[in-house]
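Handing you a structure now.
Every chain is named by a letter (A, B and C) in the order it is written, and numbering of its residues begins at 1.
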Amino acid sequence: MANTLPIDIVAGELARLRATNPLVHLLTNEVVQEITANVLLAVGASPAMIVAEEEAAVFAAISGALLINVGTLYPARLAAMKLAVAAANQAGVPWTLDPVAVGVLDYRTQACREFIAARPAAIRGNASEILALAGFAGSGRGVDTTAGSDAAVSAAEQLALSTGAIVAVTGETDFITDGTTTWATPWGHPLMTRVVGTGCALSALVAAFTAQAPNRLNAVAAACAVAGLCGERAAGSSRGPGSFKADFIDALYLISPEKLRGQDA
Amino acid sequence: MANTLPIDIVAGELARLRATNPLVHLLTNEVVQEITANVLLAVGASPAMIVAEEEAAVFAAISGALLINVGTLYPARLAAMKLAVAAANQAGVPWTLDPVAVGVLDYRTQACREFIAARPAAIRGNASEILALAGFAGSGRGVDTTAGSDAAVSAAEQLALSTGAIVAVTGETDFITDGTTTWATPWGHPLMTRVVGTGCALSALVAAFTAQAPNRLNAVAAACAVAGLCGERAAGSSRGPGSFKADFIDALYLISPEKLRGQDA
Amino acid sequence: MANTLPIDIVAGELARLRATNPLVHLLTNEVVQEITANVLLAVGASPAMIVAEEEAAVFAAISGALLINVGTLYPARLAAMKLAVAAANQAGVPWTLDPVAVGVLDYRTQACREFIAARPAAIRGNASEILALAGFAGSGRGVDTTAGSDAAVSAAEQLALSTGAIVAVTGETDFITDGTTTWATPWGHPLMTRVVGTGCALSALVAAFTAQAPNRLNAVAAACAVAGLCGERAAGSSRGPGSFKADFIDALYLISPEKLRGQDA
């Protein structure tokens, strides 16, 4: 069903990101802020965590992209997120939603319901999260949280159609869809699941790639591909999750459009 | 006085942890959240930081274990902790207290006094912290914060008897006691004190090992042993605290019941 | 104009820091707390993040030095910072200001205006930040945020004279001034800008070196030199920003007065 994303598209999107070095406003969870910033710096974007209600709106409006991650949501941070989203929408800044654990806890589920209604440019989640979101996004069908990735791809496509967002459902293979066209990115390594923040940092990469993207579907898919390819390289050179983390960030720094085009992917 | 924990017990407890992959709810300090999560992921547990008052109680009740660490306490976080502890107690979820710097600052000292009264399953602290706790836990003797580790072991035993908790007092040698039986775990390396969060992450390991533990004393002692053994291995392969941190997390991933049983410890 | 800081001064200041192992109270931003603590532990200081309004004043008064970093400012943290600064001033504890992104966002700019009036012992910022501070510190001249480092050095000198602080303006070459004498520290590597928190951690090093410093200008300059020299070493041994971070912290641990005096700097 889904075709594998051509490496040429990954190379082109990475070249575009490096040329523009976008400023990315990150309202993410407490646990992963350092790795998220380091992933963006390594790949060639400029991260900024501006978290106060007093500053979030002004900064979102002057950023190239915005990330909203609800992993450690609490009232003050949620208020800053809502102000940032409103300002981003007003200014035409694309924003990405990472709906961590949506559907498991009511407080964040309600918050995600409101975020979905505010029309994110992209949504990045695992199968359970995308299934939960699709269940209340007006997609018109029930969802089964025990369903496999096939069900999640279908939910992702319906979520994309009903919200207008590019939806990435990530796992062993990632699927990225606008509801009509769906790319698969088969790269990655299980060791990524043993390092906190690799998924959250991928959502930040998605946000970075959406900045001024002429083709948002390709941009989001390229972000998933870059993370997966660098994860494979890091897994090949590391002994465990501690060395993997350093090697993964090195790989994001060392990957290049030229090397991608020259490889037998 | 205290016997050294047999390696067979460490191996058995590690095998049990790996088989159950417990979900551990972490309400810990701001500084160490990433290393704490990575230590648990490496060893084979599933960490989750759910920090809001709106979510902490619900999540604590569905977790396998809970950690309370008062390192960067402030009112909103303290409120979430109290809700989580109450819910854990209600649901029979064991929770561990890390009383960082108790006795030094009144605000956290008062909080720890209340936490002790709520009957934690385990307490992990250094000598000064355990001495301070024992001083107000009804153990009936004064404590001398300048006392050495012998005095701390005695305080730990009395604290265990008066609270019902397993108490681990950690340092060059760790002592783990239920007030009657006391294990010593002599492993570790001074470089561990040059990396922020190794002590806090050990408390998270203690919490993880208490999940569904048939023998809570052995579980807590095994957590201390695993951290110390992995610290020794990392010290042997690293050049300083930067590389030590990665090597320590790799060691937690690579350690196994089989290798433990085969070693001449 | 500015002379290069002699390596003998760096060696002497590092020996003094290692001999005193100062306790440094850090009120810094959310993103960089772990690397900041690890940098101080590696070099030989004792970091402590005590962040609550209930505890910040008491702890600042018993610390050897205090750092205020406004990177992720919000009302509760700002309140704790003001209490800590007042207590530090009362107790004669030197405090360092890192005015992250001052001039870009009104909320933190107003906070920095108040902090400057409270007379920090040291200020560490990049050219834009120092130019912004000088613009409202009564230095009597306009500032051009697009100006190069020459203009920033002049602004730093005027800021030092008008506030009484040692001012470090850092970049490819760092300049450290009391308004009359200005040292240059030419060491460092561009890879440092690809790792989040190297600048913030440098400000923490500056704070650590100011503790009980007989010559505050030399102390601040030595902090900049140590960071730059260790950055060069880490760049020589690493493949990208991931391995650089570990190697940088190792270098801070391995650097010594003896090796500094023996090197051909």
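In the analysis below, a contact is a pair of C-beta atoms (placed from the backbone, for glycine too) under 8 Å apart; a residue touches a chain by one contact, two chains touch by 3 or more.
Treat the numbers as computed from the prediction; the structure is a model and nothing was measured.
For the pair subunit A and subunit B, the fraction of shared interface numbers is less than half, so the two copies use mostly different residues to meet. Fitting subunit A to subunit C on C-alpha positions gives a rotation angle of 120 degrees, to the nearest 5. Taking each chain's centre as the average of its CA atoms, subunit A and subunit B sit 34 Å apart. Shown for subunit C are the residues that touch two or more other chains, namely 30, 34, 245-246. Subunit B meets subunit C in the complex at residues 29-32, 34-35, 71-75, 101, 105-108, 193-197, 238-243, 245-246. On the side of subunit B, the complex with subunit A involves touching residues 30, 33-34, 37-38, 41-42, 47-55, 58-59, 76, 245-254.
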